[in-house]
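Here chain A shows up in two complexes: once beside chain B, once beside chain C.
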Partner chain A sequence: MSEKSKGLSKVEEICSQRSGRAKELKDEGKKIMGYFCIYPPLEMLSALDLLPYRILGDMREPITKADACLPTVVCPFDRSALDLGLKGKYDFLDGVVWAHVCEVGEKTAHVWRTYLNPAYFHFIDIPHTIHKPAQNQFVQQLKDFQKTLMSFTGKKLTSEMLAEAINAHNEQRSLVRKLYDLRKPDPPLISGSEVIKTLKAIMSLPVKEGSELLREVISEVGERKDGVPFRPVRLLIWGSIIDDTPLIEMMEELGANVVMDDTCVGSRAFFPDVKLTPDPLEGLAYRYLVDLKCPRTFKESTYGETKKDYLTDLRSRFSYISDYAKEWKVSGVVLQSVRYCDIHGYEVPGLGDYLDSVGLPHTYIEHTYDERSLAPLRTRIQAFLEIIRS
Partner chain B sequence: MSYFMGIDVGSRTTKGVIAYGSRAKTFHTIFSSNNYREAAEKIREGLLSRARLQAADIAYTAVTGQQLDNLSFPFHKASDTRCCARGVNSLFPEARTVIDVQGQSTQIIRVDEKGKVVNFVVSERCAAGSGRFLEIIANVLRINLEDIGPLSLKSQNPVAFTTSCAVFGESEAISRVAEGTPKEDILAGVHRALAQKISTLIDRVGFEARCAISGGGGLDMGLIKAIEQELGLELLIPQKPELVSALGAAIVAQESKP
Partner chain C sequence: MKDLGEIPPEAPMGGMPKPVLLMSAGSLCDARYKWFQALGRYLDAPVWVLELPHLGVKEGLMEGAYDQAIRFMVEELREFVGFLEKLLGKKMDWDKLEDISNDIIDMNRIWYETNELRKARPCPMHSRDFWTCMTGCLYPAGDLKALKKMYQDLYDEVKYRVENKIAACPNEKYRLVFAELPPWHSLKFFDRLAERGWSFVVESWAYHPPKPIDLSQVKDPLERIAKFTYQWFAGYFEESEKQGEQMGYFGYPYLEYARDWQCDGALLHPLLSCRTATNHLMYVQDRLIQKSNVPSLVASGDIVDLTLFDPEDTLRRAEAFEETMDHYKEVRKKEGLGW
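The block that comes next holds the complex of A and B.
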């Protein structure tokens, strides 16, 4: 990485060769720990001086190897990530951490372990409900994770080390929230594509380096004069992973600024902080199980009651989205999902009903996590923007 | 100078309309032949010569269907959802739901009394829900596209199709042919399968009476009957359903003239 580049140009540089910094650090003796999805607690890795490196797919690279080990009718993002692994693109990882996010994710984890056989592999069996017994079970899971990490690194992981790492990650989260504040003006000061690239970049850096990069981007974007043009529609994009820019760029071309997201290379991964608790694992368990807002976790408005009111339930699950819409002055919501993503697919009808109840226009699109397959979505986005504008 | 032109560049055919107000003055259809830009230019020339008009007589043009750039004339790019809604509204102001069966996909559009799109849903990238499925089956049965409808209407005993995939549907049709099933029963089965798929799409956006059909699918009486049976209603059928989006584009051209 060149010494000179800063802020957004540094983000571009990192995104063009995302593993560059990790490989440099590996040469200096640091261990690189790949993680899948946003559920493995990164604080536990950072505390032991391991570099958490987000495993992503590549929607520009055809899937050619993964179909020999995974069915073709499952999440194309998981297939793409595994495909990259099988092609050796993740060979620099010293270990891999997975969490039970969804069924396909779980099976892909085992396939990854079998075919790629990393030196360290840990699978966290995270519960799917949020009540107290589930939280307790998750704390136990984190204790097991802690044991395997200590055995792999030969280091003790103390509460003090964890608290320090929690503070460092919380600091990064507050910087990401500041970055998102820059999307509130009209036009926004930073574009949707620039935000994705920035977050993708910091998901490949040590936490403090990532925070430094965020500071540079925030200061650059706050000062620049030739930022994002005005576009008549302000969109929030919800759904399964978006780790590249073509979909957002298409919306921008058609006359919308994407000003907010509820996706996992986005606000979902960064917005909630971890509270420091006497046993830090409890704070971590609460944040990752209760506060993270991914539909992989089943959340009920009332636990243990036998009768359910539909609208109350919808409000308790989705009101944060209308809060986002108000704060970021959103005029429409695009619900998007990769094909075969059941956790997001199940959420769509209910979320649609909720958005109707608060008067937010919405549309649903499905894609195959393949840059070339996005063209047919263009007329749908176009028609949706026409509805909002009329 | 109050003529407006609408061009609908479809995957199979390109349609054009010159409208005066919301009434079609001239219309024209050609095959798209894999060169969509050329098709748009050609249909414009064809329309002008049929209408005995000059380019300068056309106040503005809107183009829908395939996404095109850099045409030789100024134009507005509009989605086929909006154009179809406007076109149907100009013909049937009472229509609130539109079933638009195109070559590559089918869309259901909910429209208000002014022809504005309230909501819409498009069939996923799959030939089973589109006119293409009918083309495939016509090919298997070695019959012309325009004969599909009349033949299907003769069926007394429609075949049940177990698949909603066009590729498997084709092999299923071949198996039925091999078993000696009459062509009309196979066609009626295909129409029923399409109608069921359309009904599912309608469930996703909700239904409001009355309901119109548009697109090339609206030329197929077999499909229309199957949809009417499936939904238990009578459809509003334009005289030239395949031209509805082009007519709507001409109306959109009036709305969006700079």
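The block that comes next holds the complex of A and C.
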């Protein structure tokens, strides 16, 4: 990696060769731990001086190897990530931690473990509810994770080390929130594409290095005079993973600024902090199980409610989205999902009803996590933007 | 129903009454709980999601993991009982629960032993009968004593057939394992394969009863339910781990089935609209051929969109697949695999 590059140019550099820095650090003796989705607690990795490296797919690369072990009718993102693994693109990882994020994700874990056989692999079985026993179970799961991590690294993981790592990750989250503040002006100071690239870059760096990069980007963007052009529509994009820019760029080309997101290479992964608790694992468990807002976890307005009120239920699940919409002055919401994503697909009718109830225009698009599948969506996005403008 | 304000008058068998509760589980598939959550659009019934841990193979075998999983399940069940009492305004009848849980456990044991009898050559009971009979154990409802008697009668009948070498499929030529959900709309398809000498001797892991364990010393009925349910999930994990297999359920059981039921091939049925019944099938196909020299025929379909399953095409492919099964029978013989 170039010594001189800073801020957004450094982000570009990292994204063009995402594993570059990790490989440099590996050469210096650091262990690189791949993780899948946003549920493995990164603090536990950072505390043991492991580099948490997010396993992503590549929507620009055709899937050629994964067909042999994951059928075509399951999540194309999971298939793409596995495909990269099978092609050796994650061979630099010293180990992998996977969580039971969704059903296909869980099966992909076992397939990954079988075919790629990493030196270290740990699977965390995240509960599906936020019931109190489920929270306790998750703490126990983290204790098991702690045991295998300590055995793998040969180091003891103390509460103090964890607290320090929690602070470092919380600091990074606070910087991401500051980055998102730069999307609030009209026009925003930073584009949706630049945000995705920045977050993708920091998901490939040690936490403190990532925070330093964020500071540089925030400083650079804060001083911008002509960064992002004015566009008449301000969009919030919700849904399953977006880890590359073509979809956002298409919306920008059609006359919208994507000013907010609720996706997992986005606010969903970074907004909630971890509270420091006497046993740090409890704070971690609460943040990752209760505070993260992925539809993979079942939540209800009142625990143990015996009568369901639809609108109350929707408000309890989705009101944060209208809060985002107000704060980022959003004029429309694009609900998007990769095809065959059950957890997001089931969410769409209810979320659509909720957005209707608060008067936010919305549309739903589905794609197959490749550039080809975006072209037919162009007309639909164009029509949606016209509706908003009218 | 919501639009009409009543059960549609033309609904089959008078329609399904409006539920007071939607109960699902956070296990196996996401659709189970997400679907019920989405039903809130039409029903004001509360949803209760019961937790069931399913750890990866290795993690599930870590020291203390089993006890912790059972504790978690028991706590969850206790919460659920409290919720039910609040919802229904009456107290749990623990004696009745005791009786019901014992009947279910016993019924599953009988059903397990019945399926064990299908290891015989010729196989005494065909998959089609399995699919007809599995609902009683999987979704126990109604008079459990009568149901248990039905399973006992079934066991006796299958045993009689084994002792008298009565084949479910005359001229059993090929023994096969089937996975996962069958084409309900085209079950006759199995009869046409049976005419070719294809005998489906075992099938879909998730619809089979758990390997029996002794629960007679477990006093708390909730703990008994928890252990029984966890066994259904994790009963193959230990053996799977010994074999170095990483998918202790959905994946590994098929290796055991192929070996113990002496299968010549597998018919795998991926479904477009069901991830659970599909996402492990390529893996299963690979493990079966790599570890046991058992080839698979993949016939895609769906149980929602019936046009996706083409029985005629599958039958044509079945003819060619017989040569593949013949070839691998020779390979297994050479490698001393025993069938």
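Going forward, the second predicted complex is superposed on the first by the 390 of 390 C-alpha atoms of A that agree within 3 Å, B and C clash if a C-alpha of one lies under 4 Å from a C-alpha of the other, contacts with A are read in each partner's own complex, and residues count from 1 in each chain.
The rule is short, and it goes like this: contacts are C-beta pairs under 8 Å (C-beta built on N, C-alpha and C of every residue); 3 or more make two chains touch, one makes a residue touch a chain.
Worth saying up front: this structure is predicted, and the values here are computed from it rather than measured.
S.K.: For A:A81, is the partner it touches chain B (first), chain C (second), both, or none of the two (neither)?
M.R.: neither
S.K.: Once chain A of both complexes is superposed, is A:E386 in touch with chain B (first), chain C (second), both, or neither?
M.R.: first
S.K.: Quick one: is A:L70 in contact with chain B, with chain C, with both, or with neither? Answer first, second, both or neither.
M.R.: It touches chain C, and chain B stays clear.
S.K.: Quick check for you: in the superposed arrangement, does A:Y346 touch first (chain B), second (chain C), both or neither?
M.R.: second
S.K.: Is chain A touched at more residues by chain B or by chain C?
M.R.: Looking at chain B versus chain C, the one contacting more residues of chain A is C.
S.K.: Does the superposition put A:R378 against chain B (first), chain C (second), both, or neither?
M.R.: It touches chain B, and chain C stays clear.
S.K.: Kindly list the residues of chain A that each of chain B and chain C touches, one partner per complex.
M.R.: none
S.K.: Spell out the part of chain A that touches chain B in their complex, as residue ranges.
M.R.: Where chain A meets chain B, its residues are 363-364, 366, 373, 375-376, 378-380, 382-383, 386-387, 390.
S.K.: Where on chain B is chain A touching in the complex?
M.R.: 67, 77-82, 105, 116-122, 124-125
S.K.: Can you check the complex and tell me which residues of chain A touch chain C?
M.R.: Residue positions touching the partner: 67-71, 73-74, 100, 102-104, 107-111, 113-114, 121-125, 127-129, 131-134, 136-137, 140, 144, 147-148, 295-296, 298, 300, 304-310, 313-314, 340, 342-343, 346-347, 349-350, 353.
S.K.: Could you pull out which chain C residues touch chain A in their complex?
M.R.: The touching residues are 26-31, 33-35, 37-38, 40-41, 43-47, 49, 51, 53-59, 62, 65, 68-69, 72, 75-76, 79, 82-83, 86-87, 245-247, 250-251, 270-272, 275-276, 278-283, 286.
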